[in-house]
Structure formats: structure tokens, C-alpha cells
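Listed below are the structures to be examined.
Next come two complexes built around chain A: one with chain B, the other with chain C.
== the complex of A and B ==
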């Protein structure tokens, strides 16, 4: 019934503006859209221990969506239909179903813009609010409500929103999640003050306030204490309830300065007491600092960024935790590099919202062409270093009532302190060079430290550090103008976890329509001999205009898929995968 | 800019209203219940008694005061009603408000009020004595029901459907002057909304002066007036503990809870009773629409 109402509302929103604004279908009306279908057929694989039973007899999985966008002048409406029948392996089974989880209608009049329905929004770098979606991650925290933007004068942009977040297919009801409210202001000083209009230094300032209201649950703790009266054992049973905040507020301030090739951005955020399942119900306030400095000029790019996070998990339901990380109000930027090559991304980093110091530095330098070391076409060198460590924490005594840190301030820390525990370290050096008209070569070396206990199991020690050395050779040979052959050779060497890996990919492209590939990832160094498995894949794809089909058959290894520090666990599987994407 | 100013102000106002909200919690944990009981009841002396309520019973909360001249005649009427409907009409006297204030150096220096009585008096907007709440329902648009309507409303409530059966068990430990009250509820009907279980302690047979204007009862000052079921304290929280947090009640479901309470030394334990009732939570009045009530004295000896 609700779905019908939504669809009717959407059709209403599509049709009515035509009558209101122009009493007919406007000439400038435009409908665009895109579709993606990912389908997998799973087969049993005794080597991976996959049977019909472990698959829960779901031999077929399909994730698909269709976006539709209608624009007519200042009016816009859109919707996304999704179908998870059944959700593919590695996606949360609570997605199972079909429906329209996303629809909106919006209009702009003068300097005022309003969106009703579902929307995505971000304040600053997202430290206190970011609503976003990523299909590959199965992540969607869209907000359902109202979003307004207003620019009273040139250079000032104000945003205000109120709504509830998506939680799989579950409709909002009082108590099943909170209501998110927020306000943001962005001030471009060069536009506001005429004296600064032509200044070479560009400055913008911003500030945000976000709060959530949640009808909080009752958390009770019962303490028994025995005592003796006249040689009789008595028990005093005391029941305590946690005073959970109905409203949790946060604020952030940011500044962006740029001059020529330099750009500096800094944002500081604080969050009020927010006991939740992620921070084990401590009442400490949260804080975060994110900054980046970049410089770019012809042939050279330098990017440095750092972040310091303390207790910044911020969700619209305080009992929500686990994977996928649903109902996140904010986003803690990941400052580790996302690698392209499969073995280099075998051990990706997931942001630790309870406390983390991070640093990333990257230099891109193009060795000049027509030189001895640069070669005829020049060579692009990329050096990246990422580091994530704990922050210093002086843990306070456990609460005698809860028997844990729950109900206490949790710990004490100093702002910008860095702890001893390394979560993640990644050094990579890549050299990309076009040798001649036929050959193109990329060489890469990666050295990584991956704290498996911290990143995968929230166990804060150094007992399971995976140290890896990875080398990549990527060679492309252009046979003709339309035909090319590409080969990837990768090696990963490690004494920990699953040991050594080797990978080979051969890809044949017939531009612009066809590709064929064969790939094998071989875990030849796995300490468990029976797990020394070839993950063999073969694939082909065909592109026609804006539609692309691809088919892949083979094994998929288990592991984390991380995008922007948000991760999804993917189990091992074997089968046939079909992907269709199309747009109009 | 001028034409945009109203938009701007409106936008800021809306944003401020929706954006700024934050609860600062200074005391993360609050003690909500404390009970004492012997680890092995057989080790100590105790007396126990229980009652089972199987048909719909009615609660009448009589707001009164020892300076309320009309209250003795109301009490007399109530006494007769209780006798007529025994045991299905249960009442307690809520001494609160100006008529219940003690007068030093006079016959009315006793204070029969309690913090609970004052809370009920304030929360339910009691404006006169004698007046009653009957099952905390509305009658003719008012929850405060005058004596003239007591009979009508009680009769009406006695005819209503029974939604729950209730068992109350009191176990009294004389060495500690502690009563342990166990309440078990079985629901007979589906019920929508949030319901709470409330347990109070009352003291019967308190002899204390009372003003009077009914010559058939006695003189203007009744020096040895017997006050019945004077409300003393809440054993649960004032408006009870949630039975069904976050959901409706389904017919056939059951609920039980144990309370432990140390009686005030100044109260006569053998005259004390526990009264347990179930009501529906209300947005502003905390708890209304009582669906069941039971009463049980505290047995203090082996007789």
C-alpha cells in the first residue's frame, strides 16, 4: 500500500508541475536514466567448501537498479527502482526485495532551491553530515525529508535539511531510528567582499550544525550485592537505567584557502555525548580534525592530508553497529590510497571511528620527455605513503554498575595525540611510461602493514600484523589502432595470514566494442595446503553505444571491498556473473 | 537584498529550530529500582499471602484532606460503595493540596501527605475536595469526578470488559520490615499502546482528626476519625514500569515483576497493603485508563 502511495506521489509530482508551470508538457522537458543489472549464478565448489547448503540453496543472486530523472526548467524529479532478488553473495540479505527506495521532486526559484523526498547531501568534508550511496558497497544512507538551499547574496550558500535515513527497506516508524536535522553555511569571502574579488588568494569559510533526535531504548543494568543480617544471607538488587540522550548535536567549522597551485583545507568538528554500540556506550564527546594541503603545477602534484578522529561514530540509531555500516550520519574521510591492482588492494583500510590518526602524502612527478630517464614520452612517477595509527587513550576504570566502560567517560586523550599502535601503513611507488607507439609499461611496488585484528575484528593490539611486499608489472601492447593486448603480472609476498600470492591477467581489447580476459590469482603460499587455490576467471564484454554487457566465469576470493574507508565483506564464491549497464 | 531579507530570516529561523538540539547528560546512570530479599527464603522468618484477581476491578482515587469538611460524608459513601461491590471496588485516599496541609499546634498537626500524593494532585489538576479519579477515565469530558457521579462511573467501569487477570503475592520479612511484592499479569485481550504496572503502598486504619460538616457523622472536628487506605508511597516508580516497551500487547501474553520495599518504621506494617494496577501511558498525564487493579494486605504474623 505504501509503495503504491509512493509511486502515485511520484507520478503526481511528475505530471502536476507540467500543468502548474506551463499548462502542458514543457518544451525543455527531458527524461534521462540509467540501468544496471548484476546477476550471479553460483555453483558448488568443494575446494572453497561451497555447497548448495552453504549457499542456503540460493543459487542465483541479482542486484539491479534503474534511475529515472525528469527535468523541466527549474523543476526536477527522479526515482530509483531497485531489485535484490536475491541479494548477491556479500550483500546484506536485508536488502532482499524490490521497490522504489529513492524518489524526489525539487524546484528552484531565484536563489531558493527545495528538494522533497529522498536526497543526498554533504556538509564540508562530511565530518558531521554526509549522505551518500555506493552501489558496489551496498551502501545507501539517503535522507528522506526536505532539503533546502538558499543563496541570499552572491557568495553565501545556506543549506537546511530534516529527514530520516534509509535502512534497507524498513519504513520509518517512531523509535526504529532517529530524525536528522542540519544546517550549513558556506561563505566565499572573495564574492561577498568586492575588495577581495580580484585577489589571488581565494578564501571560503563554512560552518555546520547537525543534530539527531531518537526515541532512545531503555538500557538497564542489574547489580546484586550480598550482605549478612543475623547470619542470614540477603541480596540487594539494584537496577540502574542509562540516561541516553534523545538529542545528539554536532558542529563543524571549516576553511579553504587557495592561491595559484596551492590549496589548503581544514575542518574541525565536535559531537556531543553520544553513547552508542560502536563506542560501547561511553559518554565522552567526540572530535575530529581533517586537513589537506595540495600543490600542483605542470608535471608535479603534491598532496598531503591528515586527520585525527576521537569517538566520532555518529548514527541515527544508537544501537546500530556492524557491517554494512548503516545509518551513518557522518563520514570520516579515508586518507589511504585506493589501489587499482587486485593484490595491492587485498588488504584495504577501513576507517576506525573510535579513534585514529591518519596521514597521507602523495607526489606525482612527470619525468620530462626526451630525456634519458624520462624517455621519449616522459614517465609519470607516483609515490604515496599512508599511515593510520591509534590515538593516545588513558582508559578510565570500568563502571562498577555496568562492569565495562559503558556509562563512563571512557578514556582521556589529548587533542592530536598519536598512539603507539599502527593500524595500517602503505608505501607505494609507481612508474608509468609509454615506451613507444606500441608499448606502454607500468611498474609498481607496494609495501604494506595491515593490522588485521584492528581492521577486521576491533581487537586493539599488534598480534596480527600482515606485512606484505607487492610488485606489479602492467604491460600494454598496441597491435593495431583498434586492437591491443594488456598483461598484468602481480606478486604478493607475505609470511603472515594467507601467505604468498601470484596473479596474471591477459586482456585483449577490440576497441571500442569488445574485450576478452583471462585471469588467475594463485594463493600458492597459503600455510594451509588445501587452500593453495587458483582463483581462475575468464570474461568478455561487449559495448554498443551506451550499453555494455559483460560475462565472467570463475572464482571470487573472499575479502574486504573498501571504498572511501567504508568496507563490505565479500565471501568466496564460484559462478557466472553477468553485468549489464545502460543509459539514455 | 531587501526582498530576500524575509526569506533569509525565515530560512535561518527554520534552520535554528531544526538544527540546534543537544542533550547534555551529567549522570549517565540512574538508580530506578532497589529490592532486598533473602538469598534463601527458608533461612529467615517471613509471612506470605496472595490474591488472584480474575474479573474487572475498579480503582477509585479519593483526593481528600483533613481540613476538607465535606470529605467525611464522601468517605462514608465510599465505604458503603466498597461494601456493596466487595471486593471489586478498590480505593485509596490521596491526602494532598491545601486541605491536607498540617496546622501546627492544632488537632490537625498530623501530616498524611506524601510526595506521591502531591505529584498525583498536581499532575491531574485536582482543584477541589472531595473529588476522585475513577480508573483515570474521562466522564463528561473530565477525569476529576465529583461524589455525585461516583456511583454511576463505578457501575459503568464494573461492567467493562476484563482485559487482564492479576496475581499479587506479598512476602513480609519482619526482621528487615521489608515487603517483597510479586505481581503476575495475564492479558486476555489485544491492547494497543504502552501499558505500565504500578504498585503503591497504603496504610489503613489511621486514626487522626478530621474536619466535618455532616452532623449525621459527628461534630465539626472528628478527633478520632478513622482514615482508610491512606496513600503512602510508590513501590514502583510513580507511574509504574513498562510492561510492553515498544509494542502492543497480544492476548495470551504474560508479564511478571518483583518489587522489594522497606516500610517506613512509623507505619504500622500489619495495617499496610499493596495496591497494584495497570494503566495506559498518556502523553501529558503519564498514566490513565486503568484496566485492572488488585489489593492485598501485608501479613505480618502466622495467624
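== the complex of A and C ==
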């Protein structure tokens, strides 16, 4: 059987190119791709308590991938090879190995497109379905199956998919994860109805349905009951088997309206009862609302958005939980802003899928040039405010006396209710100004509250709030057209957690090829004196068009790498890091 | 699994070898449906500049070098457009978390180039972009002729130099 397959694939490999060439489209046939190698060599560091044995004798870590993409006319095929030998610190050890976790072949005609193999897809803003990957995060929930897109008339896009999701290197078998199916439709009213073609208001509507089938395991739950009979307290423990749903459906509806500088988007989603490890096996339905409103014109941008989610963790295996998040079917983005300066993102927010209210507002305003406060070139002001809070959760009247809520409805809440617990709050003000042809200056101030218990440990109280004040000064000096010097000075002040930090970065750039940098992050205010450590780094890089090579040596602080509200914990380390990335 | 690898490699390498001497362009711009800045469907076949070169940059609101790059391009954009007719398309790879904030950010900053949204990275994957910023220069036929990763202050001068070479029909490298 295996031999036949090998012979067949050889035949195919020989036939396909000649078939393509006989079609007369060799000009279109192309192979492109990219490669990245991240390698780290770790050394012992007594200050950080790192020894060969705490490293498990894995002194070398390497994560790498290579993508190959083949296109010929309407046909596309691609694959990604990955190697984690061993996975670098901070990446799950279950990634260890080498193989091809991603490959696909796709074909499209004018209105129809089919992809077979692995694919990434998103319905609306992803509240009920999003498969995506992020290399830095070590996140990949690609779907392996079939994905079709069909556009019967201009303005209507229909999508359908079925498949199973990636789980490290483990191949799919019945029972080790569920099957995901979904449909989505998007309707652009201005394109569909000729009467609306020239309307100044642009409207599009969309809707989706997703279902998960899983061969559920047998799980039981315990209910404690107390009785008072003949002046004696009797406690009774009853064990029940959970009636877990084999199929869990979800749906979402969305609308997008725009008129001139205004843009409004809203999406509402609901999920059927889905007892799982994240929600502690309660039988509640889930729901979510995401909306945003923006107005902008040249020199001014205003953005407001809100989010309300209740019990929306949706995975293709109900017992899966923890980090890294795997088998996620949907995507619940954090509503806070992703900051670009290292100390401002020392305490990043991660979405709480069991319930959260979020708000974000931002104003971008450019003070006009040639004015007193705007200066010769104008000054850009950016103010952002983000807030994440709990939602109200009331105890059920028939809650069990003791023990967990597993097997029950869990709690009661009303739609759009806001609870008392603050999970995260962030106010930032940035001013960015070009002073003259040589100097550029950016000043930033941030005030953050980070609920460490909730965000890192799932303990729902306000007993460990980290309050921080952060200031940033970023200065660029252009020596010549191609040579520039950049300096970042940052300070973080806090009475909680690890206390005060200072950071300095000096970077020398020779465009378009070289950079050299020195960086020090100093935790001078750490309450533990032995942890008042300098995290010193030096780096250089060389870029030759699409190949970039960089080397860094130094100490890396522990921290969270967060992208889109999904976070990865990276432990402290010392050593040499080499990165090579190339596209062709 | 191994068979598929063999298949792809052989298919790829055969074609690759056969196409080596045909053209100096790297590849044709792939066609895929992404979004316009206000969230409407937009097909990348509509990225065009009436027979003039295009600079395509992949960026994100959370990418600091990208913002510096765009501020620099913005400074020279009017001048470049007048001299060479070049058009800049900035493709934001912000996902649902921040893609709705792209339009107010772009307008607030006063960038005047075209901005498109690629919230789930479909265009990004077809263009083999690893990390933003990643810049491509397209010729009159919408074929990629040059690409560059990362941004260092002053790199924008290299971009316009490439555009000028494309217009003059010179060899870029």
C-alpha cells in the first residue's frame, strides 16, 4: 500500500509539471517561499538561578520553518515544514519534532474556489470561527479538511468548511478531538442592489453557523446534599454521569455600515450549551457582542469599541484547557491596545473567555504644522483608554451546597451587565513630533492597572492589582541620509509586584543593511534585593534585501509575549540568539 | 505525508528549474479577497496604478518600525508621486483586535496612501511575509520585481531608487 502510494506520488510529480506546461502557461508557474530559523544557545546564570539541570540539559533550542508555495494559473499548492529541535525556552515541549504540519492544494475558477488540505479561515471578526497561526506565539489552530468559497453574484460570498484542527504533532483519530463544520455568508447590499450602487451609505451584512461534533468522554459530577432528619444532619453525596452534548452549535450575525468618515461594525454571537474544562463543565449557553464605531478625517481619528462576552470558550475538544491554548475554534481578541514599547507591555492583558466586559476609546489628532504648539512639521497626539471588567454573575437559586458548579447552569447573568471586578485598565498619551530635519521626538505616558490574580492565576478578586506609571522618551537623530542613531529611555514605577524598572536602548542604523544595538533593562526597584538585576543585551543585524540575519547576546527577562490577546509565557534566560529569515 | 512532500518538492523543483531563465520578475501579484479600509471585500487584482509602479508594504498598528516607515514615506509621498507616478498600498495585517482601529489611525496620522486590511493573513501568506514591515515593488505589469524586509531609518530612499530603476528599465540588482 505504502509502495503504491510512493510510486503514485512520483508519477504525479512527473505528470503535473508536464501537464501544466502542455497547457501553455509556463510563464505563470512560480515557486516562492520563505524560511526562518530561530536558534538559541543557553548559558548558566547564577543570578537568575539557571543551571544546566534547570535547563534539563537542553542547552540549545531551535524553532524553524520553511514555506514553499507553488502557483500556476488558477492552481496553488503549498506546504510548511517545521522543526523544533528542541523547542526554544517558552515553547511547549510537545512541539518537539520535525515534519510537515501544513500542506494544501487549491483551485479557483471565476466564482468558485476550493482548498483541500490545511487552511486558515475567519468568519466575520472570528467570534465563532477563526483559524490562524502566529510563529512568535507558537500558535497554530489550522483546520485540516476542505474549504470552499462561492460567489454566485457580485456582492455575495458564501463559504463552507469541514475539518479537524491541529494539535501539536498528533494525527487525528476518532475521539482525540472533534470535527468542525461551518458556513458563512456575506452580503454587500450596495453591490447586490443596483438602486444602492451610488448610495453614500455602504452596508454589508453577514451571518455564520458553526458546529462541532465530538465523541464525548464519560465524565461524572458530584452533588452534595444535606438533610436534617430527627435532629441529625445527614450529608449525602450523589454522583451523576454528565449528559454531554455530542454536537455544539454556534451562530453569529454581523453588520458593517459606513458613510463618509463614519464606520460602524457590530457582531453578535451565541453558542449552545458546551460544558468544558475552561468553564468548569457548566451547561450554560454562551453569548458575545463586539461593536466598534469610528469617525475620521485627515488629521483626526476617533475610535470607540465595546465587547461583552459570557462563557464563550469554544474548542474542538471539551477537556482541553491551559497553555498554550490549542484547538480553539473561535477567537476572542483582547480589547486593549497592543503597546510597542517594552516596559509599556510588561503587563499585557489576556482575554478572559468565561466572561468579560471591555471598552476601548482612542483619539488621534494631528496638531497642525507651522503653529506654535504644532511646531514646524505638526505633532501627532494619541490618547487611548482601555478597560476590561468582570460581568455580573449571580448564584443560581438551586445551586448545590458545596463543591463545584459542574453539571449545573453555573450562574445567571443579564446581557451587557458589568461586574465590580476590574481586570485591566490602561490610559496612554503619546506625542510624536519631528523637530527638524535631524531630530524626531516621541514622548509617552502610560497609567495601567493589571489584575494579576485574574489574568495570570484565574483567581477572581482584586487582591493583587499591579498599578504602574510608565514614561517613554524616544529620540531619533539622523546623522546623514543613511546613518541614524536612535535612543529609547523608559521608566516604570510601581509599588507592587517587581517594583520599579528603568530601560535604555541605543541603536545605530546604517540603511539599508546594518543595525547595532545595546539595551539594558534594570529592575532596580525589585523588592527582592537579589533580583535587582540588569538585563543587558547587545545585538547586530544585517539585511540583504529579503534575507535578514541577526545575532543577540544577553539576558532576557521573564515575561509574556502576547499577540491578539493570546499570550505565551517566556522564562528568563541568558545566552546567544540567532535569527535568520528569508523570503524568495 | 512523506509522499505529499516528495510530490510537492518534485513538482516545485521541476517547474522552478524550467522557469529560471524566463523573466527577471520574481512573481505575479496573487489574487485573493481581502478588505478595503472600511471593511468591505476587496480583491487584490484591483491593486493597480494605471501602468505605473506600485510600492506595497505590509504593516500593523502594533509594529513600531512600520509606523516609522510610513511616517517617512508620508513625508516624501507627494514628491514621489509627482516625479514617478508611484502609488503606495499599505496592507495592514492587524487582526480583529485592532483592524477596526486602522482607519482612524491612518487618517489621524494623515497618511495619504491606499490602505487595505488583511485580518487573517491570507494575502500575507501568499506573499511569504514572515514579519512586518515587508516591502514589495511592483512593475507596470503588477509583477513583483524587488522586495525588502525590516525598516531602518533612510530605507525609504532605497524604495524610490528601485522605482526609478523600474521606470528606466534598468536592472535592479
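We adopt the following convention: the second predicted complex is superposed on the first by the 536 of 584 C-alpha atoms of A that agree within 3 Å, B and C clash if a C-alpha of one lies under 4 Å from a C-alpha of the other, contacts with A are read in each partner's own complex, and residues count from 1 in each chain.
Here is the rule we use: a contact is a pair of C-beta atoms (placed from the backbone, for glycine too) under 8 Å apart; a residue touches a chain by one contact, two chains touch by 3 or more.
Since this is a predicted model, take the numbers as computed values, not measurements.
Of the two partner chains placed by the overlay, only chain B lies in contact with A:218; chain C stays clear of it.
In the superposition on chain A, contact of A:238 is made with chain B only, not with chain C.
Using the contact criterion defined above for the overlaid structures, shared-chain residue A:515 touches chain C, although it does not reach chain B.
Contacts of A:228 after superposition: neither chain B nor chain C is touched. Legend: residue contacts after superposition of the two complexes on their common chain; A:372 is shown touching neither chain B nor chain C. Using the contact criterion defined above for the overlaid structures, shared-chain residue A:209 touches chain B, although it does not reach chain C.
A count of residues in chain A touched by chain B and by chain C gives the higher number to C. In the superposition on chain A, contact of A:153 is made with chain B only, not with chain C. Residues of chain A touching chain C in their complex: 5-6, 8-10, 12-14, 16-17, 20-21, 26-34, 36, 67-72, 76-79, 81, 99-100, 103, 120-122, 125-126, 130, 132-133, 135, 149, 157, 186, 188, 202, 204, 256, 258, 261, 263, 265, 290, 292, 294-303, 305, 331, 333-335, 337-341, 362-366, 378, 380, 382, 432, 476, 478, 481-484, 486, 509-515, 541, 543, 545-548, 564-565, 581, 583-584. Against chain B, in their complex, chain A makes its touches with residues 111-112, 148, 150, 152-153, 158, 160, 162, 175, 181-183, 209-211, 213, 217-218, 220-221, 226, 229-230, 232-249, 272-273, 275, 283, 399, 401-402, 407-408. For chain C in complex with chain A, the touching residues are 1, 3-16, 18-19, 22-23, 26-28, 30, 33, 38-41, 61-64, 67-68, 71, 95-98, 100-101, 103-110, 112, 119-122, 125-126, 128-131, 134, 146-150, 152-155, 157-158. Residues 1, 4-5, 7-8, 11-12, 14-16, 18-25, 27-40, 43-44, 175-176, 242, 245-246, 260 of chain B are the ones touching chain A in the complex.
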